[in-house]
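The two complexes that follow have chain A in common; it is paired with chain B in the first and with chain C in the second.
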Partner chain A sequence: MKLSRSTFVLFLTPAVLLYALIFLYPSLRTAFLSLFEVNSFSSTAEAQFRGFGNYRELFTTVVFQRSLINIALTLLVGGMAVFGLSFLFTMFLTSGIRYKSFFRAAIFLPNVINLVAVATVWVQYIYNSRYGFLHGFFNALGLTSLAELEWTSNDLIFWAMLLTYIWVSVGVFTLIILAGAERIPVELFEAARLEGANMFQIFWSITLPLIRDVLRVASVLWTIGVINLFTLPIAFSPVGQTVGAYTPAVYLYELAFGASTGVNQIRVGKAAAAGMVLLLLVLASSALINRLFRSERYEY
Partner chain B sequence: MPELLVPQRMQLAKPAKRLLWLGQVPAYLTLGLWTLFLVFMVSWIVLASLSTTRGIFTNDLLGHGFHFENYSKALGTLNMGRYLLNTLVYVCIALVLIVGVSAPASYILSRFEFRGRRLLTQMFVAGMGIPGVLLLIPLYTLFLRLRLDSNPLSLILVYVGISIPFTVFFLTGFFSTLPREVQEAAAVDGCSDRQTFWRVMLPLAQPGIATVTIFNFLGLWNEYFWALVLVNTPEQRTLSLGLQALLQDMRYSGDWAGLFAAVVIVVLPTIVFFVWQSERIIAGVTAGAVK
Partner chain C sequence: MKAKQWLVVTSGVLAVTSGLVASAQQAKTEIVYWSMWNQSEPEAIVVQKAVTAFEAANPTVKVNLNFIGRDIRKLAPAALDSGKTIDVIENDSGWLAENAGKYLLPLEGYLNQPAVGVPGKSVRQTINKALLEQYKVEGKIVSMPYQPFAVLFFYNKDHFQKAGILKEPTTWAQLRSDSDKLKKAGFEPITTESDAFQDVILGYYVQRASGGCDVLQSALNDKTGKAWSGPVFTQMARDIAGLASSGYIAKGTAANKYPAGEQRVALGEVSMYLNGTWLPKEVKGTAGPNFRWGSFPFPTVEGGKGKVNDVMTGAQAIALVKSSKVPKEAFNLVRYIVSKDAQTNMVNDAGSPAAHTGVTWSGPIQEAGIAVGKARRAFGWACDIAKVSEVGYNIIIPAFGDLLVGKISPDQYLERTVNESAQYWASRK
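== the complex of A and B ==
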């Protein structure tokens, strides 16, 4: 049918304009700002050109380095845990058990709960060393040394946060991988079972190769989510501290707005540089993942 | 009969019942443990929210009866009621605007050929991967200059903006599944292109719009970053900010029972919503995954 020019413009302009305002303009401006020394939001006019000085400084700042290590750990260790559990759950959910919808919903539920609430519950209840869940659990098992662990101490808080993040994320990734697995024709599985293959063999040799595309999408989603991690670290701070474990996004926020502990000086230019680094990480990892998963499509 | 139309693709053909059951024990065990943990956690929180702070610390929940006043205190003195209202207002307005802006654009992008269409579509999709923190500084500076830096309007604007890429991505996919004949029939009947959209295509797109609105709702209801930047004052806060502020206040107040009551207030809407719409939500995630 014929589309009139006015309708074309009317329908597309609001979205495009808003997109330009929220994404295009800020991205370009941040890239620009990252090359300057800027000390406050209102004095961007007096910025001094620094070239790549902000970037150099960024990579030699201990907190930033630590934050990069944190997301690398989260990406790899957390990724293995999340995907491992997702595979496991997918395997279980497709083995013909009853109440499948119920379990599926139960697995996904943590993902819809407010992250601040999740962090609060885990820090104040699960990890609490006096009356918390793990405390009681380990005591009941007689593992008193484990029960006394200070999960939210400086040494352990990153791992505590990682565990919580894994718990929250498993749901989404199970659903995604499950979706991919359920597209595989049932004849393949029946043939395998007739040959005597067990649950694990079937998963390894049939399911896994045939869900490559879905795995690619899932990997990109996981990576982008980890790189941009902001809310959980901030909400995971025990009472009296600002941040439990740093991620680049949190560090960026503190650089731009200052913080009561940790980063003290507002460095908007450096924050912008951090933002560009994050963007670069997202682009690089997406490209890498797409390359890793490039393969001919299986016909089935 | 639904079971025939949507076969359980991975059901076994004719398994021996006992062998099947044995093989599924690990499955039931693991899934059962997971669910048990969830139930235990939620129960404890609810019980704690109805106890006293002393009761919590001495592992003696509900030892002194049900303290429903924790909730009235949380809603009133601790301001969770106001935060709830704020969040409701901001999110609902944003949800309507998101659809209003994205649906027409998705319609055009999915059903009409024009130069630059591919580029435009890819541009929107790319927006899904752009880190929010990258946009922070220039947007905040902009709002600062317009004196909108501590204003719900700017938050709503940002909420709409950041939701466009996903919504356009989703709705474009959805619109492309709608039959072309309906569109042509409407044209034959004398509808202009706008009327066709408004009277015919949009109603047909309701399931897709409902699904994407649910996703946007969940994302925005639980949003933290932009709310922190743009509306972090006691009058304007959202639930996420309110809870975090309450948590930091624990330093002085030590009202743990009240804290858990606030937690329940924050998560109850989404849990209820999720239970009500779980089929649709899960179907949406599933559909998106294999697109």
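== the complex of A and C ==
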């Protein structure tokens, strides 16, 4: 049955309207606001046109520069750790071990806990340099300098936050990669083993190519999640945002709405510019990932 | 009359009666009140009681009380911009003047109304004058303080006793000497958080050194950044670094995330903490009922013009919104929030200070109340460093924090603050 043009329009209109309402209009309005010095979202009566001045200021603001470095490090260092651990856990879970469901649930458990609760436990207990878990653990191993490390000081707070983020994220990415790996027919692995392939060769030549699509999706999810990282940095600085843990989303939020302590001069124009930068980063990185992970069809 | 007819008549009577009741309720004037407290907080219960007393005394007025919480700072301006009806809002009086002043109604015309519960006195006469006049917008009072705070050194009296300290320090030299005695007695003298309260140390020192907050405000607005290496900041850097190098700053302070530092004081590990008058209440559960709190003002510094009775203070305040259609009724409600009964409840039930001149602060903050009452001069939180917050909180305070814990030297601190603030202003061009 051939569908008429009017039927297409009828079915597509709600989705298009929703897209226009919640994405297109806000994006265009944000782009507009980013060209002004303005301190209100709705009232632009006192706005002063700045052209690209907000963007210029943004990229020369030390805190914003630091926040971009933070997300770059999270993307790369955190990405390698999360995906590396996810592959390791996938290999472990697909190796035929007993109680696979239990281990799978245990690996996923950190992702289930509320992020604010996770941050509170890590900041106030695990990282505490006098009686925290890591303090006791390293002391037991005789590593006193590591035991007394001030994890939540300004110098180290980013790495402390990254470690927590890796711990939280590994579970969900393990499940994604595991779902892709479990689709691969078992006969391929059996045939490879019969041919004398070792675990690494099987992983590199069979598993990786056949989960390419899954990896693409996982990479996009990871990238978008990191670029928009917000809750964890806020939760790691309960009162005032520690400079070392800034991310662009946190800086944007403080500029747009003010902070209890910290940046409390509302500058919606600069915040809008930060929002546009984040949007462009997400679009660019998604396009790059799609190019790197171009689909290839495998028949098996 | 047949049953069917009775049914019709009864239904008609009921309909008319409920219509009358509904329209009677609709006839009540509504005041929309956005409170900064969370519903479970003791201050919220005090506010609720005051609202109930107001409604009982004004049966034609209904208060639509909303406990917004601290997010009111983010939500209220956006809500008012979008045209939402809000008649009364609350927040820190400095924040209200600085960030919400354009929304607020000047109160000059209302302050001479009679105070509730104090015959013969006006509202103006019953509120601490220094707090009332601390923050103005275009020379006019725009908010009524009702829950003040003061920033002082809170300390453990038992520690002082064991260390043989008989009198609280009033000069920087005495603070150092007492810290030394505490250290020798086995206590860690001073702590703070790495994400809070470092700003009040800086603000107080600058006020004591220069006699006011103008030096800090000038430096914040100095486009060259060079003001940060002026004599006040040079002396401050030297003195603060001296605390760290002498071991008077508790180990682990650099890693304290609120409320870790406060808890260390409550656990009896650290002796002194420069904090607000909420400190004893916040750590009540850890400190226990036998903890002996003391407080003293920030000491004077060598060659400085500020005195010990210059107090860093402020208040949570209540304000009327300019666009309110019921300002008279709204101020009537404000009279009940700042009434003697409500303020007494604030002290007794919420353990908070009061702005009412007829209500004494009690318990661990009694000494703080006396200090505020005797204040020669009031100045804002951290000498109002938040007025240029991107410089203050993203450049100066992080550098100050590193100086305080001995991570950088005074020269490195001065160089960093000069260069980074100059870079910030260059980016604003």
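By definition in this document, the second predicted complex is superposed on the first by the 261 of 300 C-alpha atoms of A that agree within 3 Å, B and C clash if a C-alpha of one lies under 4 Å from a C-alpha of the other, contacts with A are read in each partner's own complex, and residues count from 1 in each chain.
Following the convention adopted for this analysis, a residue touches a chain if its C-beta (ideal position, glycine included) is under 8 Å from a C-beta of that chain, and two chains touch if they have at least 3 such contacts.
Model, not experiment: these values are computed from the prediction.
Look at A:A106: by the touch rule set out above, it reaches chain B but stays clear of chain C. Of the two partner chains placed by superposition, chain B and chain C are both touched by A:Q124. Contact with both chain B and chain C is seen for A:F41 once the two complexes are overlaid on the shared chain. Between chain B and chain C, more residues of chain A are touched by B.
Once the two complexes are overlaid on the shared chain, A:N154 sits against chain C while remaining clear of chain B.
With both structures placed on the common chain, the touch criterion links A:Q201 to neither chain B nor chain C.
Residue contacts after overlaying the shared chain place A:Q265 against chain C, while chain B stays out of touching range. Legend: residue contacts after superposition of the two complexes on their common chain; A:Y19 is shown touching chain B, with no touch to chain C. Of the two partner chains placed by superposition, only chain C is touched by A:V62; chain B is not. Shared contact residues of chain A, touching chain B in one structure and chain C in the other: 41-42, 124, 130, 239-240, 257. By the touch criterion given at the top, residues 40-43, 56-57, 60-63, 123-124, 127-130, 150-155, 236-243, 257-266 of chain A touch chain C in their complex. For chain A in complex with chain B, the touching residues are 1-4, 7-8, 10-12, 14-16, 18-19, 21-23, 25-27, 29-30, 33, 41-42, 44, 88-89, 91-97, 101-110, 112-117, 120-121, 124-126, 130-131, 133, 136, 172, 175-186, 189-190, 193, 198-199, 213-214, 217-218, 220, 224, 227-228, 230-231, 234-235, 239-240, 248-249, 252-253, 256-257, 268, 271-272, 274-276, 278-279, 282-283, 286. The touching residues of chain C, when paired with chain A in their complex, are 70, 73-74, 77-78, 81-82, 95, 98-99, 193-196, 199, 251-252, 254-260, 386, 388-390, 393-395, 398, 401-402, 405, 407, 420, 423-424, 426-428. Within the complex formed with chain A, the chain B residues making contact are 7-13, 15, 20, 23-24, 26-28, 30-31, 34-35, 38, 40-41, 44-45, 48, 56-59, 100-102, 104-105, 107-109, 112, 114, 120, 123-124, 127, 129-141, 144, 157-158, 160-162, 164-165, 168, 183-184, 187, 192-194, 196-197, 218, 221-222, 224-225, 228-229, 239-240, 243-244, 247-248, 250-251, 256, 259-260, 263, 266-267, 270-271, 273-275, 278-279, 281-282, 285-287, 289-290.
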